[in-house]
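Two complexes follow with chain A in common, the first pairing it with chain B and the second with chain C.
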Partner chain A sequence: MGLLSRLEKLDRRWLYAILAALVIGPMVRPLYFPLEVSAPVRGFYDAIRQVPDGSTVLMACDYDPSTRPEMVPMTMTAMRQLFDKHCKVVVTVLWNGGPGIVDQTLRRVASEYPDKRYGVDWVNLGYKAGYEAVMVLMGQGIANAFPVDYGNHRTNDYVALPIMQNVRDYSSFPLLVSISAGYPGTKEWVQQVNSRFHIPMISGSTAVQAPEFYPYLQSGQIRGLLGGMAGAAEYEKLRNERGSATRGMDAQSLAHVFVALCILLGNLVQWRKRRGVAA
Partner chain B sequence: MKREIPLFITAAIGLFMILSFFVPHQLVSVPADFLQQCAIIIVAFGYVLGGANVLRVNFDAIYKRQSGWPYKAVLVGALLVTVIIGITDGAGWQDPPTRSMWIYNNLYSPMQATMFSLLAFFIASAAFRAFRIRTLEAGLLAAAALLVMLGRVPIGNYFTQWLPHSLHLGTIQEWIMTIPQNAAKRAILMGAALGVMATGLRVILGIERSYLSGEE
Partner chain C sequence: MSLSHDFGIWCGALLTLCIFSFLYKDNPLYKFAEHLFVGVSAGYYIVLNFWTVIVANLVNPLATAFAPGGHPFHGQLGDYRAFLIVPGVLGCLLFTRLFGRIGWMSRWALAVIIGVYAGLKTTGFAQGDLVAQVQGSLQPLWTGRVGDSISAILFTVGLICSLLFFFFSREHKGALGAASKVGVWFLMVSFGAGYGYTVMSRISLLIGRFQFLLEDWLGLR
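And then the complex of A and B:
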């Protein structure tokens, strides 16, 4: 029996086993393929770099645990870059499964900066139901849309949350950082907020979503884009960090090569089969 | 009147919200703000309605012993246990030592991650068994898919770094994403935007009535 005949009858569990090995292997022993930084990622990095030091930035973290490997590394690196510039960060979540993972991520980064205090240097306003309606309402006043933060402090209590003293509406922010995994996310922030309130914006999204945002990138509505784990890894490279995205890229590289081989081999098998039938 | 009043409310509020986009005066912005608050409250009530609906549908299926009813029993049990624990945890339920956060960190989070991770295996299997190149269009799609898939990851550039920069897989995939993909995506976006505008106008003008008891 030839190789192609064997492949035709291949048990799919072999495919699963090979893929699992290709993903787990580089996690245990990284290969560190060289990364090349793309223009959209550099745009993301530069947009934060150009924000005046010490200003207050709005960060919309719209994801849940299902997209943790893609979203968490870019959230962490963006937060670090903002903290390094002494920026204050106001975080919102519009996904009902997201507040827990977002809060854990923010606290992890904040713990690396002993001088950064909750309520003074950053605040997590938590989750609010309402999708686009919340985005528009924030334009009338941030405290209007989020009367309390994630820890149930009133957002107009400037003793508990001094950071909110200088936060009124979108005009208080020189930049909106949208880290999103779907609806509502970057697309809705562009449509409802960027086009209406003219706040400069950058986006980090899942790899699946990223192609959808290229028109916004080209039109200048978003100034930079991190597409999936690859984007997060390139961003880490720009920041001289070696985080989980960089470590994950080897696994993703090998998995992509394997899927490409699956497409080619699958078609080769079918082509041979059709030729055999025709003959 | 049963239909005319909802149609009138829809038209009036729809036109008012369009007006609020262009007129920032307090006379318009304050009521618009109130309506936005109302929309958020209605969405929040939607969650209650959704929860009640899940219970009704699944209780019914369990009672009638429909196929897969044990899974539905697990679903209903998990839903009720999570809600009851959330209520008993009280206002500080989001603080890490609570049982609610234990459920979030040790059940919800890993299960969501598992569901998403399984996609990789399905994609590998589908790539081998279902992605058939039988026409020129399918061939072009496959070629673009392979170039983007390999160009998006560092290994693509690693194996083509001996070529001129314009022939690196990363450069080729960036060109595909920026030019042909972007053109197609922009056309889809414009088409969808026109569709949304047309549907919005039809609703405001009372031509589209499917939201009223399913009437066309």
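And then the complex of A and C:
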């Protein structure tokens, strides 16, 4: 029996085992593959860099725990870059499974900055049901759409949340950072907010969604794009951080080579088989 | 290596291993984890939606509106007060589907939902996608730089050929056939890129789970 015939009958559990080994191996012993920073990632970084120091930025974290490995690293790095610029951050969540993981992530970053206080330097407005309707409503006033924050403080209570004193509507923000894993997310922010209220926007998305957003990048509707774990890792490199995205990239590269090899061999096996049948 | 002492992390790690065991073959441990996930998710989302949607957006504002000294019909933007009775009633009408004879009443609520979202989606798509994308596609073919110009020409050829592929009013023969074939190639490249990104996303999830097992649970960092 030839090698290709044996491959055709290969138990798929071997493929799972090899893939697991390729993912675990580089985590235990990192290979430090080189990582090039792409233009969309640099655009994301530059858009935040160009925001005036101390301004208030809107960050829409639209994801839930199912996309944690891709979304959390980019949320953390973006928060750090904003905090380093002394920006104030107003966070919203339009996914009902999201507020918990988003709050956990934000608090983790905030704990690295002892001078940053909740309600003064950042606020988590929590979840609001309504998808695009909420986005449009926010255009009439952020406090209208979010009467209370995630901790149940009233958003017009400027003693508990002084950050909200200078927040009226979208015109209060020089930049919208959308970290999104699906619907509602970047696409809806572009359609409902960027196009109507003309607020500059950047996006961090899951890799599955990223190809859908390249047209927005090309047309200038978004100024930068982080596509999945690779985008998050490139962003970490620009920031000289070594977060979970960077640590996962060796495994990502090996797994991709393995998947490409499987596709090639699978096609070769099928091609040989069809030739055999035709003959 | 320092094993985690966190009970939650142990639960997460063991349940992850239970789910992974399906890759070997279906087994009771996998079934247990699967059923637990479905049950906990259903319960979690019901409770979450009750407190973050119904109580926060309907019960609390109505309670404020009808409290002594309140102004039921003097709401400002974002503070709709007693007007919330209307969406409240429409929401209740959705449940009439459970009672056969008056089930038709649920269509009123559905009509409002569909009408509002059709309006939002149509204007959003027209402004954000249609107009902006057509505008973004009209770019000069010669930019003064060879690399950018080649990119712009490739983009324009790809755009026109891909559009021609979806032109079904004439048989794809001759020039139209050739152009649509080129369009198919461009579409194939975009599908390939999409597939590659999808693989990356799925592998990222696997990496995330292994990072959790190795770093958070086993303490290997």
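Heads up, the rule we're going with is that the second predicted complex is superposed on the first by the 279 of 279 C-alpha atoms of A that agree within 3 Å, B and C clash if a C-alpha of one lies under 4 Å from a C-alpha of the other, contacts with A are read in each partner's own complex, and residues count from 1 in each chain.
Following the convention adopted for this analysis, contacts are C-beta pairs under 8 Å (C-beta built on N, C-alpha and C of every residue); 3 or more make two chains touch, one makes a residue touch a chain.
It should be emphasised that the depicted structure is a prediction, and the values quoted were computed from it without experimental measurement.
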| item | value |
| --- | --- |
| Which superposed partner A:Gly220 touches (first chain B, second chain C, both, neither) | second |
| Partner chain(s) touched by A:Leu137 [first = chain B, second = chain C, both, neither] | both |
| Partner chain(s) touched by A:Ala230 [first = chain B, second = chain C, both, neither] | both |
| Which of chain B and chain C A:Gly266 touches, first, second, both or neither | first |
| Which of chain B and chain C A:Thr92 touches, first, second, both or neither | neither |
| Which superposed partner A:Val23 touches (first chain B, second chain C, both, neither) | both |
| First, second, both or neither for A:Arg196, with chain B first and chain C second | both |
| First, second, both or neither for A:Phe33, with chain B first and chain C second | first |
| Contacts of A:Gln81 with chain B and chain C, given as first, second, both or neither | neither |
| Chain B and chain C footprints on chain A, overlapping residues | 16, 19-20, 23, 66-68, 96-97, 99, 126, 129, 131, 133, 136-137, 140, 144-145, 196, 207, 211, 215, 218, 227-228, 230, 252, 255-256, 259 |
| Partner chain A, residues of chain B touching it in the complex | 21, 29, 33, 36-37, 39-40, 43-44, 46-47, 91-92, 94-95, 101, 104-105, 108-110, 112-113, 115-116, 120-121, 123-125, 127-133, 142, 145-146, 149-150, 152-158, 161, 168, 170, 174, 177-178, 181-182, 185-186, 189 |
| Chain A residues touching chain B - in the complex, by the definition given at the top | 10, 12, 15-16, 19-20, 23, 33-36, 38-39, 64-68, 96-97, 99-101, 103, 126, 128-131, 133-134, 136-137, 140, 144-145, 150-152, 196, 207, 211-212, 214-215, 218, 227-228, 230, 233, 249-250, 252-260, 262-267, 270 |
| Of all residues in chain C, those that touch chain A in their complex | 23-24, 45, 48-49, 52-53, 56-57, 77-79, 116-117, 120-121, 124-125, 127-129, 131-133, 135-137, 155, 190, 193-194, 196-201, 203-211, 214-215, 220 |
| Touch list for chain A against partner chain C, complex | 13, 16, 19-20, 23-24, 27-28, 66-70, 96-97, 99, 126-127, 129, 131-133, 136-137, 140-141, 143-145, 147-148, 187-188, 190-192, 194-196, 206-208, 210-211, 215, 218-221, 227-230, 244, 247-248, 251-252, 255-256, 259 |
